[in-house]
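The structures considered in this document are given below.
First chain A sits with chain B, and in the next complex the same chain sits with chain C.
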Partner chain A sequence: MSLHSESGDDGITIVQMDGRLDLLTAAEVKQQLADLIAGGHRRLIFDLDRVGFIDSSGLGALISGLKAARQAGGDLRIARANQQVRALLNLTMLERVLRPYETIEEARAGYSQIAAD
Partner chain B sequence: MSRFVQAVLPADPDLRAELRLGLLRVLVAANLLLGFLYLSWRYTATINWAAWPIALGLVIAETYSYIDAWLFGLTLWRLKQRGEPPPPLPNATVDVFITCYNEPVAIVRETAIAARDIRYPHRTYLLDDGNSPAMRAMAKEIGIGYLVRSEEWKGKQRHAKAGNLNNALCQTNGEFILVLDADQIPSPDILDRTLGYFADERVALVQTPQWFYNVPPDDPLGSQAPLFYGPIMQGKDGWNAAFFCGSNAVLRREALMQIGIANYVRDLELRVVRALRTADAMLRIAVRQTQTVENGALRAAIDKLQAAVRASQRMLREGRPIQEVTWYFQQRAAVAARPLVAEDLARLRAEVATIPGLDADEDLTTCLSRSLDDDSILHALTVRERSPLAAIATVRELLLAVDVDRADEAQPVMPLATISVTEDMATAMRLHAAGWRSVYHDEILARGLAPEDLRSALQQRLRWAQGTIQVLLRENPLFVPGLSLGQRLMYFATMWSYLSGFFVVIYLSAPIFYLIFGMLPVRTQAEEFFWRLVPYLITNELVFAVAGWKRATWRGRQYSLALFPLWIQAVISAIGNVYAGRPLGFVVTPKVRQGGLHIWGQLRLVRLQAITMAALTLSAIWGMARLALGLQIDGIPTLVNVFWIGYDLLMLSVVIDAALYQPEEQEQPQTAAAYP
Partner chain C sequence: MLATPRSLLIEAYVATQTIDEGLDALHDMIDRFWNDAARIDRLPPEMWRHLFTTALAEVAANGLRHAYPMTATERPLRVRLRLFPDRVEALLIDHGAPYEPLPSTYNAPDHKPDIALLPESGYGLFIARTALDSLRYRRTRSGYNCWKLVKKK
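Coming up: the complex of A and B.
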């Protein structure tokens, strides 16, 4: 399992993952997000399109990524979550903190909207 | 008697269990009905207004006890005897956590080896909060994992055992967690006997009893809790309210993580709302102050900040995610405070140092971040006299302090609740509130060490009582959303029982008031009083006898009366802690038996009980002497009170025995509770 990341000209990095984000992969995802942020990628969009399943440990890794990004002066957004992920976000109330954006473009617009506001 | 009962009862255990439950229900119903008749008679016909302080006090104490009887009766009503457990789940991944602080290595080693040798496949970890090289070496030697706090915990609140477990949860990944205290030696089949219950995917917790092998049969310190780890937990189980007791329990990781995240969100939302409210209040004061001052730049900065705060509040009301709201106001706050110079920040730091509850030695963000948990500190921030410039600086720092993570905590997500020193109960309540189920499996599957001296035993019980009251004050089960009525009552029952100290004082002083001062709290004919009260008391005793059948419950009942000063201290210190932020004020629980305390030192620990016993004895002698000398005509009230004193003395004497108790020397050093 590894994250694939791609940085655009606007300073936003799209992170993609394949497979399950669960108790077995959470620690590694957390570490890789931390490394990305430490490497200067402070504005992240985590693309969940190919993440088939997520559990609360996985959400924990996303929160850790959010924390690390914020501490570096950036942010972490999530996009393209499937039904299962949305259900868990709802159950844990995490959707009150992390908005699941429908598309990458919307998540990207979220950044620029506030930057321009 | 026992043999006779055996001969009469049917042989089939299921039928026996059913018969026992039926009998219990009849007795409980009879007891509550008789109690109702007695108490309503007491209220309507017997209060002696001439001696109103003690008369009212006594009837209130009796009401307390009657409510307690209801809660106990409801608990027993659904007594669940589970019998044989279902077969264990195949292929589950399990982490066994042994929590230790600074217990002797030899004790922890014995537990660790037993944990390693548990039959069901698992990984074993020693969670060493004492960070000791000897412990690390031991773990390596016997081949188990060793975990200490990660870097993130440096300089942060440690949250004792809850913090230790939370730290370990982040470094491991088993689906299930078996939690063991350092001295609780598990039997090899502990997982085989408990994992089966998790086949029900809604089950988050399986708790088994705590039992101590270093306690003599007469249990002088009241260490065993056969009534609790038995009928009470079985009854709570019947209401799906059996709770986590800190050790000898298996937990589902997913459930813990879910409530941890939900709690993180709730907490964050509350902190954001508070920060914005405080910022708004401070800015309003700053606006008033600048109305007379000609300073355009200052006014502009305040206006900008105020606009940002109000826009943020609006965003929250519209349901925008906190991520966006905090992002927005942080960007705004950074821009709006341009007129600030370093000098103002220094002044702010100095000002913060003088606010009680805030510590200027910490970095400013951590310090303000922590203040968001405390309304009184936030209030102190707003009512303070300060220059408009300093107000801007404070608002700016406050807004920067609220983030999606907590600058003052090591981990944003804390699966085990940190609101109380009894994190176990608080965590279980959150699990139940989130819809998870729990199981109490009534089979001893781990054997531990109880404190062997009175002081350690008292400290342990004080901590439990304080923790339980903390939970009551911080997350009252009667109002926490998500719990069923039965669950509310089951949690509340445990808390209610810890309030008994105040009422015991009334019960103990009533005979003294009568015999010495002639103040009779109950105005009635002796015969009527007798016929109304005695059947109520007898059914009450019968309920205990059947519920605690073959279990030694008498010692526990003695302690619950005799430790009244401790229960009172627990309630008062917990209130001081929750509402005034005062420390709970107990010393670190000694891990090794306190050999140095001689008899007088031991007796000093129970001096209030000793004084009470002396006062009761003198009152009884005084009353009997008056009767013998013919100074008292009607002898019945005196005799009733003297009998009552005899009962009290019997109950209270347990702590005197305990103070004089000297355990036999054993080869091993002995432990007490693991955490201060």
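Coming up: the complex of A and C.
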């Protein structure tokens, strides 16, 4: 398992992965997110389109990435989450801090507003 | 496979070497269960099913990870899923070391939580307990860990 990341001219990095984000993959995802942020990619959008399932460990990895990005002055946003991920975020009330954006464009637009502010 | 009309039982015994194989088998089983259930009953809403599946995966992952030593060459896990007219039940049995579930320390965040203070772990039991109507653990006399999960329709 590895994350695929692509950075644009706007300084936003899109991160993608395939499969489940669970206790088997969470530690590696957490580390790779930390490496990206340490490397200066502090405005991240995690595209969950091909992530079929997230468990509590995966949620922890996303929270870890969010905290690291915020500490670096950036943010981590999630986009295209499926219904299972939305159920998980709703149950834990973490949608308050990890708002699931419908599309990459919506998540990107949010960044533009921050940049404009 | 069909016990009585509008009731469904699926049982699986998973004996795998790795947690990865165990979780793959579990997710395959859950998918099959919902597919079979859809043929005999009107399924609960999708969100409801996701919550049950998520709770089941949390408890199973917990068992596969904690009940057996790192060097275990087999991680047996017996899973029984039952659909009733008014509820879905799961029974998970492993042969590993006794496990005493700790109370969940996670509290759902306030309206404007301090992100720096959010925990990065410890969500598992909170998720399982909150998603279900009942989650019970017992150690059987014959030395098995037994979890019973119930979610009412």
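What we mean here is this: the second predicted complex is superposed on the first by the 116 of 117 C-alpha atoms of A that agree within 3 Å, B and C clash if a C-alpha of one lies under 4 Å from a C-alpha of the other, contacts with A are read in each partner's own complex, and residues count from 1 in each chain.
The rule we apply is simple: a contact is a pair of C-beta atoms (placed from the backbone, for glycine too) under 8 Å apart; a residue touches a chain by one contact, two chains touch by 3 or more.
From a predicted model like this one, the values you see are computed outputs, not experimental measurements.
Looking at the shared chain after the overlay, A:53 reaches chain C, while chain B stays out of its contact range.
Applying the stated contact rule after C-alpha superposition, one finds that A:110 touches chain B and leaves chain C untouched. Once the two complexes are laid over each other on the shared chain, residue contacts for A:83 go to chain C alone; chain B is not touched. In the superposed pair of complexes, A:27 makes contact with chain B only, with no contact to chain C. Within the superposed three-chain model, A:96 lies in touch with chain B and with chain C [touch as defined at top]. When both complexes are overlaid on chain A, the residue A:67 reaches chain B and chain C alike.
Common to the chain B and chain C interfaces on chain A are residues 23-24, 55-57, 59-60, 63-64, 66-67, 70-71, 91-94, 96-97. Put simply, chain A touches chain B in their complex at residues 23-24, 26-27, 55-57, 59-60, 63-64, 66-67, 70-71, 75, 77, 91-99, 110, 114-115, 117. Interface residues of chain C facing chain A in the complex, by the touch rule stated above, are 19-20, 23, 27, 46-47, 50-51, 53-54, 57-58, 61, 65, 106, 108-109, 111-113, 115-116, 118-124, 126-127, 130-131. Across the complex, chain A meets chain C through its residues 20, 22-24, 30, 53, 55-57, 59-61, 63-64, 66-67, 70-71, 83-84, 86-88, 91-94, 96-97.
By the touch criterion stated above, chain B contacts chain A in their complex at residues 170-171, 173-175, 253-254, 257-258, 260-262, 264-266, 268-269, 320-324, 327-328, 331, 403-405, 412-413.
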